[in-house]
Amino acid sequence: MNQSLQTHQLNPYAIQLCTLGRWITQRQWLPSGSGLFSVRTSEHSALFTASDKDKSELSPADLVSYDWANPNERDTATAIHQFLYQLKPQHKVVLQTHDLQATVFSRLIKADQHLFVGYELQQQVAATAAQRSCCPLAILDPQSTELTLQELHQRFERDTLAYAFLIRGHGLYVWGDSIDSAKRHLETWQFLIACELERIKAANQFN
Amino acid sequence: MNQSLQTHQLNPYAIQLCTLGRWITQRQWLPSGSGLFSVRTSEHSALFTASDKDKSELSPADLVSYDWANPNERDTATAIHQFLYQLKPQHKVVLQTHDLQATVFSRLIKADQHLFVGYELQQQVAATAAQRSCCPLAILDPQSTELTLQELHQRFERDTLAYAFLIRGHGLYVWGDSIDSAKRHLETWQFLIACELERIKAANQFN
Amino acid sequence: MNQSLQTHQLNPYAIQLCTLGRWITQRQWLPSGSGLFSVRTSEHSALFTASDKDKSELSPADLVSYDWANPNERDTATAIHQFLYQLKPQHKVVLQTHDLQATVFSRLIKADQHLFVGYELQQQVAATAAQRSCCPLAILDPQSTELTLQELHQRFERDTLAYAFLIRGHGLYVWGDSIDSAKRHLETWQFLIACELERIKAANQFN
Amino acid sequence: MNQSLQTHQLNPYAIQLCTLGRWITQRQWLPSGSGLFSVRTSEHSALFTASDKDKSELSPADLVSYDWANPNERDTATAIHQFLYQLKPQHKVVLQTHDLQATVFSRLIKADQHLFVGYELQQQVAATAAQRSCCPLAILDPQSTELTLQELHQRFERDTLAYAFLIRGHGLYVWGDSIDSAKRHLETWQFLIACELERIKAANQFN
């Protein structure tokens, strides 16, 4: 057993991340091995799930350490996780999922964000007092890694994001200062997105 | 172990309420730790679920006693439970849930109630003989605690409610004279609301 | 243990019917203890599920014998089961369920039957060669027991029913010459109804 | 135990195919015993699931060997499996399923194919680099076995299919060079079809 593997198995967050993987796959928010989870291990490193590995069967040994002081070739999703960790030290956990409702919602909304109004559960993802009554969800178009990071940089400069954003057809990203808070943000945004998709679809049929 | 904790564990309703919590969370009617359950313990007190506690993992020790002779600071949901207990001694159990269909339905219906007609299962929630053929579901707008209680007072003076009402975007409240009857009312209203949402959405596409 | 109870426990169909109850409740086709199942025990008798009993928890001792040579007070659902047993000796099992899709579908279709065309699975419920390509599902309005039986009598005189009919807002009835065939007819009709509901809803949005 | 049975039980793919059967039936993509799975055993033979057998209860002994050097009477689904095996030696596993979304989608799309654009998961089924950005799903009308095979022959001559096609109302066919890849193609196409069905249905309601 090499030192890196030992480190993962001693990391209690690694075990929690695997448990969360089972919880999320049961809800079918990670079809076909999609999605990427990570948990911060230091100021400049994190453990990542292996790409395409079925997240219902994760064990700590399946997590891969990534250190941005020694950058490797990386895909857009990994680069987005790194961006979020570098943005704020409080960001401890990042989750990318691919469920049906978020995927469809991200394609139907043409604007670069959608405002959620009138749901009591907004309070669970509000990052500011104002977001309790009007909570934005940013939506980006898929682009090259470089352009995606540039746009995220601009979005975070301009707005306070409510612990989540969508990339059209490319999944939902959520984060938190712990596994529990990231899970809470994920579950709440899944609920809000599914409600809003259903509400808008039905609105023309009512009254 | 203090006396309050002992009381909860000796209360058979406390155990049943925890079992019901698991049944309800399996149906995904309580996203992100939302919802509030309570069971009456005396003329002027009840046991409540702790706020934000995941109801799939409730144990009797997680229930909190609340006595309205010695009022604490309380949120709107707790105040509504208390209101229902004070309204009638037969009210023994109150459940607030947050499922997708009830949330969306409450936002789409603009009137202050919706009449359910033509469903055999109405008989399971009918509080009067007339409600077997035409069963109303009251819908309130979210307001301050004080205004919400005022409006509930007026609604109950004016109408016989069918063991349930909705607060727009803020969940479904149901009650009963036992855990079993509250569960039955909850399951029936979830079914009726989901049917009616689907029926109205589809009505324009048919014929 | 009385003789009637012994009889039930010795009846292998009684055990199979209870197993089927769990399979059906898992699919949420029996909300709030609704539905009625029965299995023929002789030319003029059958075992019935007790009314309002949760069918996920059935045991053979929960089944009630009913003999139409010694008629009791009976509700419409029981009378319909009896009618089907008396119609043909091959009718061995009758199931009434209350799922969302069948309930909504029965309310949206205004005609007294709906023709299913173009589904490969029609062959599983076709009672005649012609029904493989065009399979009717009869839909009745809810009425008094007496009028319901009169109308069923006329329907069966006029048409060959494909092992099922709907009563608007009052559930789906299916039957078969064994538990397995009744289950197969139920599962197939649930699939066909859910497909057709979705197809008609979506048809206006496509092309 | 005859030799054929021994062969099946020694075939590790036979066991994997049974495991896959349980995974697929849990998702309710095989109502009423429908669907057909097979795994290649040689250049000119494959093991098939028995027709109408519930695929949640498959064991290797339930698989039936079929050798196209000694052709039997065969139905259209079996003939399509054989066609796919004969087309390319890399085709090792073929799955036919019957889920609601694919069935409805195949009926709503009137064209002979549908182009999927804008989903990150397209990359999981893309058979060419171009299909990563625009991925076709072929849709055939149900016909006689002979005409179906003729049309499939023409389709494969003209286009590179993305490991799947639909027959209107008669199910989804996917294949792969291993059980894992066939499962991955199935799960991905189910996701893409369900998203696209929902997206098109909702498109008129948005913006």
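Just so it is clear, A, B, C and D label the chains in written order, and each chain counts residues from 1 on its own.
Rule of thumb we're sticking to: a contact is a pair of C-beta atoms (placed from the backbone, for glycine too) under 8 Å apart; a residue touches a chain by one contact, two chains touch by 3 or more.
Values in this document were obtained by computation on a predicted structure and should not be read as measured data.
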To bring the C-alpha trace of subunit B onto its twin subunit C, one rotates it, in degrees rounded to the nearest 5, by 90
Chain centres computed over CA atoms; the one at greatest distance from subunit C is chain A
Across the interface between the identical copies subunit A and subunit B, with over half of residue numbers shared counting as same and under half as different, the residues used are different
For the pair subunit A and subunit B, the C-alpha centroid-to-centroid distance in angstrom is 32
Chain centres from averaged Cα atoms put subunit A and subunit C apart, in whole Å, by 46
Listed in rising order, subunit A residues that touch 2 or more other chains are 201-204
Contact graph of the chains (line, ring, star, complete, other): ring
All chain pairs satisfying the touch rule are A-B, A-D, B-C, C-D
Given the complex, residues on subunit D that touch subunit A span 118-121, 124, 184, 187-188, 190-191, 194-195, 198-199, 201-207
Within the complex, subunit B is touched by subunit C residues 31-34, 98, 100, 103-104, 107-110, 142, 168-171, 197, 200-204
